[in-house]
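Both complexes shown next keep subunit A, but they swap its partner, so subunit B is in the first and subunit C is in the second.
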Partner chain A sequence: MPGRVKKRSPLKAPERPYIAIGLEGSANKLGVGIIKHSPDGSVDVLSNVRHTYITPPGEGFLPRDTAQHHREWALTIINDAVSKAGVSLHDVDCICFTKGPGMGAPLVSVALVARTLSLLYNKPLVGVNHCVGHIEMGREITGAQNPVVLYVSGGNTQVIAYSQQCYRIFGETLDIAVGNCLDRFARVINLSNDPSPGYNIEQEAKKGKRLLPLPYTTKGMDISLSGILTSTEAYTTDKRFRPNGPSAEDGEDIITPQDLCFSLQEHVFAMLVEITERAMAHIGSKEVLIVGGVGCNERLQEMMGVMASERGGKVFATDERYCIDNGIMIAQAGLLSYRMGYETPLAKSTCTQRFRTDQVHVAWRA
Partner chain B sequence: MTISLLKKVPSSTMQIPFANEKHATIAKQVIDVDRELQPEVVKRTLTVQGNILVATFTTLTVRLARLTANAFLENVDLVVRTIGEFGEDAERVPSSR
Partner chain C sequence: MSSQSRSATMALLEHAETISQGAEAKIYRGRLHPSSSSEGPDAPPVLFKYRFHKQYRHPTLDVSLTKSRVAGEARALIKCLRSGVNVPGIRMVDAAEGVIGIEWIEGKSIRFLLGGGAEDEEVVVDDSDDTVEEEASPAEDPLQEYGLTKDAVMLMIGKEIAKMHKADIIHGDLTTSNMMLRHPSSLKGLQLVLIDFGLSYTSTLVEDKAVDLYVLERAFASTHPQSEPLFAAVLTAYEREMGKDWAAISRRLDDVRLRGRKRSMVG
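Coming up: the complex of A and B.
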């Protein structure tokens, strides 16, 4: 196969230890992580601290309130990460922050802190694409070589493959993200947002008994999710729907919130597996890497595992520490580009709500 | 057109004292990076005079002046708290690694 020619990595082994701090706050999680790259090629996570803004059941997180949360917690979390890592901010080589994509106000809040630290300590800034952060951390943790990446979170749903210093998007959602779909349904049935709505959906889905018919909307390499959400919501006004479980006089033909969670998950995940499999066939890869907040859903990992094993491949996934938004992934991706000589000058350290994965020049890969 | 409108509303000025000129300059540099969200109706000028950060806003309406000032002060608050938390540590001479 043409892709088999092993190219030399443009990333040279570091001549000294490099340390980077990463600040992430593109959605409702505020994360700070410190990473170290050693001359022997090893990568150490020195600390990885996160604080999540949790809203009451039935409510989502709004940009203003989320930004307020990040402003309140930023200094505490940074101090926590620094003391856990046992380093001083004087020791870090660069300060990495999320440039985008994400919600504007929370992004800007974190960027302000990053800029202030950069000027105070006279350290260079490195702006990082959030999606690339996820991919790089997933690759580092799992050791996957050249995987098809399924990036599924509250704001993004993309199938990505690497080619010629670019993470190319093979397929993505045409409307809402898969995490958004699940979170919004959790709101409809009033599930708790603690620790996350997606986690609670997953637990409820385990108790589901019926697979209800829902639309199955893959569109070539892309998927559409908003219609499925509407259809699932429509079941909650069905005469057979019992929000508090079946009562004594109910027969077999009833619908519980658990059944809906189960059906929604099965349909949505089946679609994701389908487009991922198609991308694998396209590029001839046998590895799948699942990253992003929805990636810690064990049912998704299980379904993907079945597909991958049928193709003689393997699934790589990480746990909630690295799947869910975190600061360490920003530090990892930022340090990789910093080692390739990339820095973000202060005047260019703005944030952008739209920043696609394929806009990044992946200089550190062959 | 908008510029002629802007000139009709008197501008408002805020003076924020810092501990020293360096910190005031840092605050100016940090906040200056982000453009105003509506640059056609809000004009912001930041300058440093000694240890004082001087912000001048020229806005189309009084409502915009309030919103802009609010957002600006929130940003200043965050920067001030960051400097307060890490300023001293940053001044310290780093020990060799």
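Coming up: the complex of A and C.
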């Protein structure tokens, strides 16, 4: 905010290098990352390994199967991350894991791995809020100082701004998350889940030309997405809809899956950019940081860029390595709180499916 | 809209002075007849709210949104005026261009008066010469000038919102920056005025009214952390004005509050 006195960061420079391992498995990605904080203030990503559970087209991932995937891959991924980083698990300072929010079964299976490692190597555990992990990693990678954060993924849609040691939620979805909306539509038109349904929607949308009317549902700083999904789905039963593209005898007035992807993206992203802009105007910030899986979408980044430049601001976005769920962000956020003296005792190393971003005490920021 | 009237609206804006740029619109202070001599220099100024074209939005989507929002805002204001709710009067509407001209209100926003700082978006109120710096000394209570206590202001807020809800208008964006106190020295005297109906709509549902109140409650908590207990006074006045309808809204408000917490991370 303008005119604010610059406060000193409560986080002291480390007197020795700190290393943390982060384990993430709140949804269908299992990620392990190792991060190093050096005394000169630099942060190094030593390794960042991920394996995604991909389901056949038309199917989503179920908690039980996802948890099983994580259990099967945990050891491979951890070994991979450790050997790529060139450190031993004896060298790490703390073991960070996702406490929530996310799907229960996958969370629990990854937390179990974290607890086991903690006992095996006698290292402290640090439970991390998944959303805060995204924000901290985004800040670290892009160097954004005090941005308005748009956090968009399969399970979350929030506009967040920092104030007084808390990431406050200014706006959020009232029903389903934006990634969920896109993924579910990908299922309706039978798009592949590889590498991700959202990516395939984005590619299809590039071929779409026709903007079909859909609801535009911003509610102040909040948005609602479930009705848009229903309306888009309804077009697939329209008699003008051609699932396999136009045939020779078709005129102009037809609807293709590409048009639907295009229209869906244009509407949903315009709403996201609008609520972000409202938050920026509200707190007087000129920086936007986009995090979360949907943040990879180049159309969203482009629209956000136009909005920010109209306001004389700047957009910060990361690529798929850091946008999509990963272990390194858990390590980063966990290590920050570990350096502030925070640890999660074994008896409290539980998971929770509901863990709001604003419930976390952000001790490491002024 | 003919091209001639289009340029006429834009000409008005050219003669007007830019006040601020909010999230959605640019705000200007100007006059309806800038060139005519029949209007003296002390004719009342008009506030123009120009919803300019958003480059990031698809043009088709942008045009239809702008049109419906300008028309919606004008409709809500007219309905409020008819029902005796204190809102700025309408001076002109050009939905195609995205311009609405409303009465200029001499006064300050409640957000400012409660010490929440001036919001970038709403510097409309800071036009006078005695503009106070953002880092104003807390010793001076800006409310003194209006001869009111904080509690009295809260009662006025509650009453005004209740009047609006009785007319079945939902504001949609109730915050302390969207309310102003008209200065006692102005023509209509001291008044609490609700502004910015850009997100308003008509509804008879208890649900919508409760959510409207909940939005204001959240705004109080985030913008004025110290004055949170004051919100109780808003509800007291609201209850008094609403009469028998209050019971249902109160029950629903309790529900909505819970929902806000439960809503966490579902999706």
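Criterion: the second predicted complex is superposed on the first by the 363 of 366 C-alpha atoms of A that agree within 3 Å, B and C clash if a C-alpha of one lies under 4 Å from a C-alpha of the other, contacts with A are read in each partner's own complex, and residues count from 1 in each chain.
By definition in this document, a residue touches a chain if its C-beta (ideal position, glycine included) is under 8 Å from a C-beta of that chain, and two chains touch if they have at least 3 such contacts.
Being a predicted model, the structure only gives us computed values, none of them experimental.
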Between subunit B and subunit C, whom does A:108 touch in the aligned arrangement: first, second, both, or neither? first
Have a look at where A:173 lands relative to subunit B and subunit C in the superposition and call it first, second, both or neither. second
Please work out whether A:155 is in contact with subunit B alone, subunit C alone, both, or neither, and reply first, second, both or neither. second
State whether A:120 touches subunit B only (first), subunit C only (second), both chains, or neither. first
Can A:234 be said to touch subunit B (first), subunit C (second), both, or neither? neither
Determine, under the contact definition given at the top, whether A:278 touches first (subunit B), second (subunit C), both, or neither. second
Applying the touch criterion given at the start, work out whether A:354 contacts subunit B, subunit C, both or neither, answering first, second, both or neither. second
When both complexes are superposed, which of subunit B and subunit C contacts more residues belonging to subunit A? C
Touching residues of subunit C toward subunit A in the complex: what are they? 21-24, 54-58, 60-61, 64-65, 119-121, 134-135, 172-173, 199, 215, 222, 262-267
Touching residues (chain side subunit B, partner subunit A) in the complex: 26-27, 29-31, 33-35, 74-75, 77-79, 81-83, 85-87, 89-90, 92, 94-95, 97
Give every residue of subunit A touching subunit B within the complex, in rising order. 17, 71, 74-75, 78-79, 88-91, 108-109, 111-113, 115-117, 119-121, 346-347, 349-351
Note: in the complex, subunit A contacts subunit C through residues 2-3, 100-101, 155-157, 168, 172-177, 180, 211, 213, 216, 218-220, 266-267, 270, 273-274, 277-278, 280-282, 284, 302-304, 306-307, 310-311, 353-356
